[in-house]
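For reference, the structures are reproduced in the following blocks.
The two complexes that follow have subunit A in common; it is paired with subunit B in the first and with subunit C in the second.
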Partner chain A sequence: MSSVSLEKVTKIYPNGFEAVSDLDLQIEDGELMVVVGPSGCGKTTVLRMIAGLENISSGTVRFGDEVVNDVPPKNRDVAMVFQSYALYPQMTVAQNIGFALKMKRIPKIEVDRRVREAASVLGLTEWLDRKPTQLSGGQRQRVAMGRAIVREPKVFLMDEPLSNLDAKLRVQLRAEISRVQQRIGVATLYVTHDQTEAMTLGHRVAVLRDGVLQQCDAPQVLYDRPKNIFVAGFIGSPAMNLLEGVLSANLDVLTLGSQKVSLTPAILSRLPGLRQYTGRAVVVGIRPEDLPAASAERPGPVLTGDVHLVEALGAEILVHFVIDAPVVQLDDSSVTKDSDEILVGPTSSGSECVARIEPRHTVRSGDRFSFGVSEDRLEFFDIESGLAIWD
Partner chain B sequence: MDSKDSTLVEQRPAVLPPGAVSRRRNRFTRIATPYLLLMPAAFLYAVFIVYPIFRQFDISFFNWHIFPDVANPFVGWSNYIRIFHDPAIRTASENTVLFLVITVPIQMVLGLFAAALLTDRLPGRGLWRALIFIPVVTSWVVVSYVFAYIFGFQGGLANAVISLFAGHTVRIDWLAQTWTGNAVIWIVSIWKGVGWSFIMFLAALDGVPRDLVESARVDGASEPRIWRHVVIPNIRPTITFVTVLLVIGASQVFTQVFITTGGGPFGSTSVLLTYAYQQAFSFFNFSYAAAIASLMAIVVLGLSILQIRLMRRNVDQ
Partner chain C sequence: MSALTFKDARNAPMSRSPRGPRRPQPSVQPGLFGIRSWKKSRLVLAGVFGAVSVFPLLYLISLSFQPTSDIQTSNPVLIPTHPTFLNYVLAWSENSFGQYFLNSLVVALGTVVLTVTLSSLAAFAFARYKFPLKEVFFYVFLAALAVPSVELIIPQYLLVLKLHLTDSLPGLILIYTSENLPFAIFLLRGFFEAVPKELEESFRLDGAGSIRVLTRLIAPLSAPALAVVAMFTFNFAWEEFVIALTLINSSAHRTLPIGLNFFIGEHTTQWGPLFAGSVIATVPSVIVYFISQRWFQRGVSLGGIR
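On to the complex of A and B.
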């Protein structure tokens, strides 16, 4: 068992494409670190570099104190679950699970014992003699995890292991992965593009964009205090609403299009950095759940918009509305290949926002509806750099 | 007028429903089109493949002469019985089996080896692929003549190269000795044939999922073990397929033997087909040649069925 540390790790492919840039990441022993980001952000490359399947262009990868840059994969003692599961089709479940032990020339009796133990942990005992093609997607996924369990590896790597499964199974196996990881108790790197998986599984989550680490924090910290617009837009579903606003000279009013939101001096004690933005334009971030329906019992500033879509989800209602605040212009590099994953959806007639309100309210498409705004839930970002304004 | 019209209108459906002619024609066209399209090929196949096969079986039971006015007496199984007592058949069979046993495995191993080398990012691999495959598309006759020249007694390239290294004139009569003659036949066959198995294996190796190989690598498998446990099992259907076709091809070896050694000296490098050819066209023993060819056809057919069954079993597994 050991920790994994990446120091200034860079990967440049022969065609000149820089997949990972100067990445610093520390995965503690027993920790489950999730690397999340849109497709092509370099997260799988990070995982493959740790496994040794990809050479690193510069930087250092350490397992504990040992530098493993030049150690071949077979000597790294790493277990990996592939997106495709990579089960050997001609082998039975038992042979698949025991393959790594066989490669280590562990006696057959011991291999059998460990395979049976892993199978019982994963509920695979009755399938041990089956071939992978005779199993369902969920069972194959369990076999792939079984291969990792029997290894008792130094490091456990998982590359989007749930992406080929249906939504229900994904939720079920998410819990199972968590359980298995705790059981193995080794440094684990889990790669996904699904931020829900990242939030539910990770002890810490590293958000990657274009090969550059954006933020690495506990899931709740990422959600509550995103370091920049990208993280704010990527983490959370529906995404944080991002609007361009202007702060008044004495920071008592935030202007969003034709609407004004009054601010109190308390905001400065929470975000002292705002002092430098008096009279300037900023990006304002508001989570959908921080836009409740305005009501008499909830005094304070409101934001009014034209509703164009209502999604009743039972426990809550998602209200999509447009306000006339200027559109947030993300710079080119922010527009990723998977821009649909970043639900920042400015429209030509204004900025589109989403609010999450209680189901008791009646709201219809075409209505003009008001939402309460609480200043202590507002996040501010520099309009140029996209960085959060904190201190 | 009215009644006449109405009669016509009433009668038409009973005699000829509207559109019936075109529907019937459509149905005929639909059924007949595939057969019409197949007909030219089927005709050629029947005339040049099916008829000769049956005619060959037919001839093998007679003492058949090419001259129209000579009697062709029925001789029953005697041509077949003669095969089992003919010492030249024994030599030809041994040479055919030896050819098969030597050239098939070497073509497979070399083809697989080259494919394995060239699936990785070797510089200039496109050029190498082309070079290995070019012999496959050249003519057997041309290649056989080129090799007959290379291993020629006088002015042959092989002797010239050996002389250069030996420092004195070496003159080996490659094609006039049993073992060297056979070796030349094997070499030309392997050289020309290896590109085909190479292309087959290249396609098969490209189809081995990269994840499986990498998974085995992470699982601690060395390269030989990755081949044994991951690559070979994944390309097994191709291995069987290549084996079947190479065995069929090797059983029918003819051109390279006919052109390089002509089966000589004294039939010591002859194979079954060159011997049958010689019997037919040198000694005019058409019936005996037909019996040899018929027996060969049965053996090759049996071998093919056996191998295809094995292949199916492998694919199913």
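On to the complex of A and C.
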């Protein structure tokens, strides 16, 4: 068991593509670190560099105090769960799970004992004599997990292990992975493009974009205090609403298109950095749940928009509406996530926003509807750099 | 159309997944020129071709049990009228046939082992490693396939001479191996490349080195291809005549095809023993075929890796 640290790790492929740039990341012993980001952001490359399957162009990878840059994969004592599971088709489940132990020349009796133990943890006991082709997707995934945990490795790597499963199994196995990881207590790197997995599994989450680390923090911190527009837009489902607004000279009014939201001096004590943005355009981030339906018992500023889609989810209603504030253009389309939500994006008449309101309200598409704005939940970003304005 | 649909439903496997792709249905009516008659005519065609290929073998077996007088008659028969084992006794006892058989077995098995080993290693390198001039080397191997092997006899002879291996079984094994390597490497490379990269990576992370990746992962998953290589190589070495005739001088090192040739004399041919010897010579090929057939099936059943 050991910690894993990446120091200034860069990966440049022979064709000149820089997949990972100057990455600093520290995974503590026993920690489950999730690396999340859109397709092609370099997260799998990070994992493969830790495994030794990909060499490092520059920088250092350490397990504990040992530099492992040039250690071949078979000597790194790393266990990995592949997206495709990579089960050995010619071997039975028991042989698959026990293979690494056999390679370590552990006595057969001990191998059998540990294989049975891992199988019982994962509910695979009755399938031990089957071949992988005779198993269902969920069972194969468990075998892949079993193969990794039976080794008691130094580092545990998982490359989108749930992405080939249906939604229900995914939720079930997510909990199982969390439980197993806690049990073996090994530094774990979990790669996914699914921010829900990242939020639910990770002790800490590292958000990667185009090979550059955007933010690495506890899930709730990422959600509450995103460092930049990218993280704000990536973490959370539905995504944070990002609107371009203008702050008044004395910071008491935020203008969003034709609407004005009044601000109190309290905002300056929360976000002192705003002082430098008086009279300037900024990007405002509002989480969908921070846009409740406006009502008489909730005084304060209000945003009104034209509803064009209502999704009733039972416990809540997602209201998609348009306001005439300028659209915030992210400089690429990489915020596109693999989820079924409707994304923040340009429409003909303004910016599209999503609000999460309580189900007792009746909203229909075509309505004009008002939402309360909680000033203390607003996030501001620099319109040029995209960085959050804090202090 | 209704009859066709019914038939399709009947033929559909029970476990067929509802999402599985539906096979396009042929728009042919059953009847004289439709599906049914096509199936029948396929059977007839297969029967005809089968008969044409099997008949000479059957006739060979039949003749091997007939006395010379019956063989050299103007009214040949398929079922022996005076069945006899004499030809087999003669074939085995004359011209140290047993020794030739053993020599052939040594040469054929030696060639198989050497060819399978070397071609696996080479194909593994071609399939899994990057190295300079890789494709050039590969095409050089392939080009060797285009050269008729008879043209190479003199250079090969000189090579074996330099190695002091003329008139020896190892010399023969070496030449046979070199003859078989290009095709074997070509065939195996394709199969080895088809083994998913992730399986190899997982193997290496589990602590396996390159040799283990080849012997424990890639070879078992490429069993059908290895079986094909083994079978073809065995048959090649078992029945090769021209090279053996060139390289081997002493009686002690003759292989079976040369030995059989000795039944054909300048003035007379011992037809009976020749046929009996030929039948004996066929047996190992058939055995090898049946052994490798089992591997084909085993390999194929490993299919769907994901």
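Quick note on the criterion: the second predicted complex is superposed on the first by the 380 of 391 C-alpha atoms of A that agree within 3 Å, B and C clash if a C-alpha of one lies under 4 Å from a C-alpha of the other, contacts with A are read in each partner's own complex, and residues count from 1 in each chain.
What we mean here is this: a residue touches a chain if its C-beta (ideal position, glycine included) is under 8 Å from a C-beta of that chain, and two chains touch if they have at least 3 such contacts.
Note that the structure is a prediction, hence the values are computed from the model and not measured.
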Based on the superposed arrangement around subunit A, label subunit B with subunit C as either clash or fit.
clash
For A:P265 in the superposed arrangement: first (subunit B), second (subunit C), both or neither?
neither
Tell me the contact category for A:P299 with respect to subunit B and subunit C: first, second, both or neither.
neither
On the A-aligned overlay, A:A79 touches which partner chain: subunit B = first, subunit C = second, or both, or neither?
both
Touched partner set for A:G16, first subunit B, second subunit C, both or neither:
neither
For A:T133 in the superposed arrangement: first (subunit B), second (subunit C), both or neither?
second
Pick one for A:G314: touches subunit B only (first), subunit C only (second), both, or neither.
neither
38-46, 74-82 or 164-172: stretch of subunit B that collides with subunit C:
74-82
Report, in rising order, the residues of subunit A that make contact with subunit B in one complex and with subunit C in the other.
51-53, 72-74, 76, 78-80, 82, 84, 86, 88-90, 99-100, 103-104, 147, 151
Which residues, counting only subunit A, touch subunit B once they are in their complex?
51-53, 72-80, 82-84, 86, 88-91, 99-100, 103-104, 147, 151
With touch defined as at the start, can you tell me which subunit B residues reach subunit A in the complex?
209, 211-212, 214-222, 225, 229-230, 233-234, 317
Per the touch rule, the subunit C residues reaching subunit A in their complex are 196, 198-199, 201-209, 212, 217, 220-221, 302-306
Touching subunit C in the complex: which residues of subunit A?
51-53, 72-74, 76, 78-80, 82, 84-86, 88-90, 99-100, 103-104, 133, 147, 151
